[in-house]
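Listed after this line are the structures, all set down as structure tokens.
Both complexes below contain chain A, partnered by chain B and then by chain C.
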Partner chain A sequence: MIGVGKIKQYSNVLDKPLSKGKQEVSLSAFSFLFSELVQYNQTQVDNIAELERRLEDAGYSVGARVLELLCHREKGNRRETRLLGILSFVHSTVWKVLFGKVADSLEKGTEHEDEYMISEKELLVNRFISIPKDMGTFNCGAFVAGIVRGVLDSAGFPAVVTAHFVPVEGQQRPRTTILIKFAEEVLRREARLG
Partner chain B sequence: MATTACFIIVSRNDIPIYEAEVGSAVKREDVAHLHQFILHAAQDIVQDLAWTTSAMFLKAIDRFNDLVVSVYVTAGHTRLMLLHDSRNDDGIKSFFQEVHELYIKIILNPLYLPGSRITSSHFDTKVRALARKYL
Partner chain C sequence: MIVCVAVVGHQNNPLYIQSFTEADDALKLHHIVHCSLDVIDERVNNPKKSGPLLNETFLGLLYPTENYKVYGYLTNTKVKFILVTTDLDVKDADVRNFFRRFHAAYGDAVSNPFHVPGKKITSRTFAESVSTIVKAFGLSSAG
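Our next item is the complex of A and B:
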């Protein structure tokens, strides 16, 4: 019969092609899912540090997978071996694929050699979240910090990554900064590679 | 022509997560152990070499008698290592690229813990089919 489409039945996910897939996901769907994630974790922990750690761990598994997938899709199978390379990969490619835009800025810390900061005026995950006063400095951006830590760790650049609110004049909502502090061995290896 | 080939996938933490003898020669028990030993010994070389280049395919990095070890390192530092006696560089590169795609599909599974053994029999079947095709 003319016009009957033939649907290919894939028996196993390994047979499906690794295509680009849909580029966009509904923001409201994601926000609902993320808020449920935060609320679920809130019921399981007693304090804020534990909640931040759980969100970070959730982000870590995303980061590890995102690294492999993006290096394959976007970079045509070239790995990153240098510090600045992996940082600009996170700052542009990862941010563009996850949030639809590159991060606002990437800066090197002035006080310590091993600190770098990625700043964003308003993190996508925080857009519909407000923090109650009694939670102090808690930031749901810990999820994004976990993603960055997952990417860096899997690529061989172990680091401690945290998310902070930085108040900015003339703006009602504070800016979010992801602070990346690399481990000793990363700096030693960078120095060795010259 | 019968070829010996032993293929393993080693995770970032130096734990083998998948092993297969994919050569077309008859499998002998004593030789299988030797193959694994050679592959494990080549790990140190891979770790140093991985940081010197941004390419993923590292070609032949070590020899033992007439057996050659070729390695392909992914972005997450997972090593696909092949011990073989043939000299078919292009075939080996294509084999690695196809297995890399399969590996990405495996780790995209949110229920798969990266660094744990790959137990999917479908993955096993596909890897062996690819080996027959390219090696």
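Our next item is the complex of A and C:
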């Protein structure tokens, strides 16, 4: 029969069924808010490093609260005590709640034992941002780095987290990598747990 | 009958203590809560292989004193919830349910942008929702 199996397209937004509160926020609203956040901080500081630190601090408070909320909402949640456990938690669960999809990849650094990298082809927060040439290597992904640092810190894994652009051949826009460097005590505890 | 609930931060600093009895023994309740922190630390740092999993959030009955029972709950951020009750026949499921609702109220209180993590929780909404949950617990276990 004709028409059977076609997905119902709602031409009018008023016809869409009410969502059951799936915690979705419109991308444009968030982008406006984020651009205002960056602009406001830009007027308050004198140099790039300070701006990056402020964005990271803003992300830190978000991260701490996200962990508390996720811990409660996740069914069958277990407290993460192992390094790989908390990293995969950040990489899949936190990313899914914040950005609607899991992060692109999680890698272990080759040079140092305590470095891990989460990379993403295009960070959601950077989608509508282009950095002017005179700002050098500044990356608004510092906000996301702050979120990751907040989550790790509140879970008991102190770390230094930064965001970097990594140019990829064949792509116009560089890939973004979040570099996580764990503190000494985390590695010692991990070694002790075996 | 729930006597007291407490929220203790990850550095064992008290964030919220509320007692629900008319008697003026707040100090004794503080002392009981303080002792139970030691029991929690012991449970978390020395896991018994046959005991509950190391990373379970609900810690169960911590220790029974003269006429009180103390239950504990540990969240992902090392924040501890302590429940002191005088009931003798509380069901495990009731306590778990209580902690689940308490955790929800705590999550709402922490999401407040004006709340500084590590400082005491001063939100009135949190205090009201806690008393509601405590009343509901009293009714459900009595029935």
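We take it that the second predicted complex is superposed on the first by the 169 of 194 C-alpha atoms of A that agree within 3 Å, B and C clash if a C-alpha of one lies under 4 Å from a C-alpha of the other, contacts with A are read in each partner's own complex, and residues count from 1 in each chain.
To be clear about the criterion, a contact is a pair of C-beta atoms (placed from the backbone, for glycine too) under 8 Å apart; a residue touches a chain by one contact, two chains touch by 3 or more.
Computed from a prediction, not measured in an experiment: that's the story for all the values here.
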item	value
Partner chain in contact with A:72 - chain B first, chain C second, else both or neither	both
Partner chain(s) touched by A:14 [first = chain B, second = chain C, both, neither]	first
First, second, both or neither for A:29, with chain B first and chain C second	neither
Which of chain B and chain C A:189 touches, first, second, both or neither	first
Residues of chain A touched, compared between chain B and chain C (which is higher)	B
Shared chain A surface residues [contacts with chain B and with chain C]	61, 64-65, 67-72, 77-81, 154-156
Residues of chain B that touch chain A when the two form their complex	12, 50-56, 73-77, 97, 100-110, 114, 120, 122-123, 126
Of chain A, residues touching chain C in the complex	61, 64-65, 67-72, 77-81, 154-156
Residues of chain C defined as touching chain A within the complex	10, 53-57, 74-79, 100, 103-104, 106-107, 110-111, 113, 117
Contact set on chain A toward chain B in their complex	12-14, 16, 18, 61, 64-65, 67-72, 77-81, 85, 154-156, 189, 193
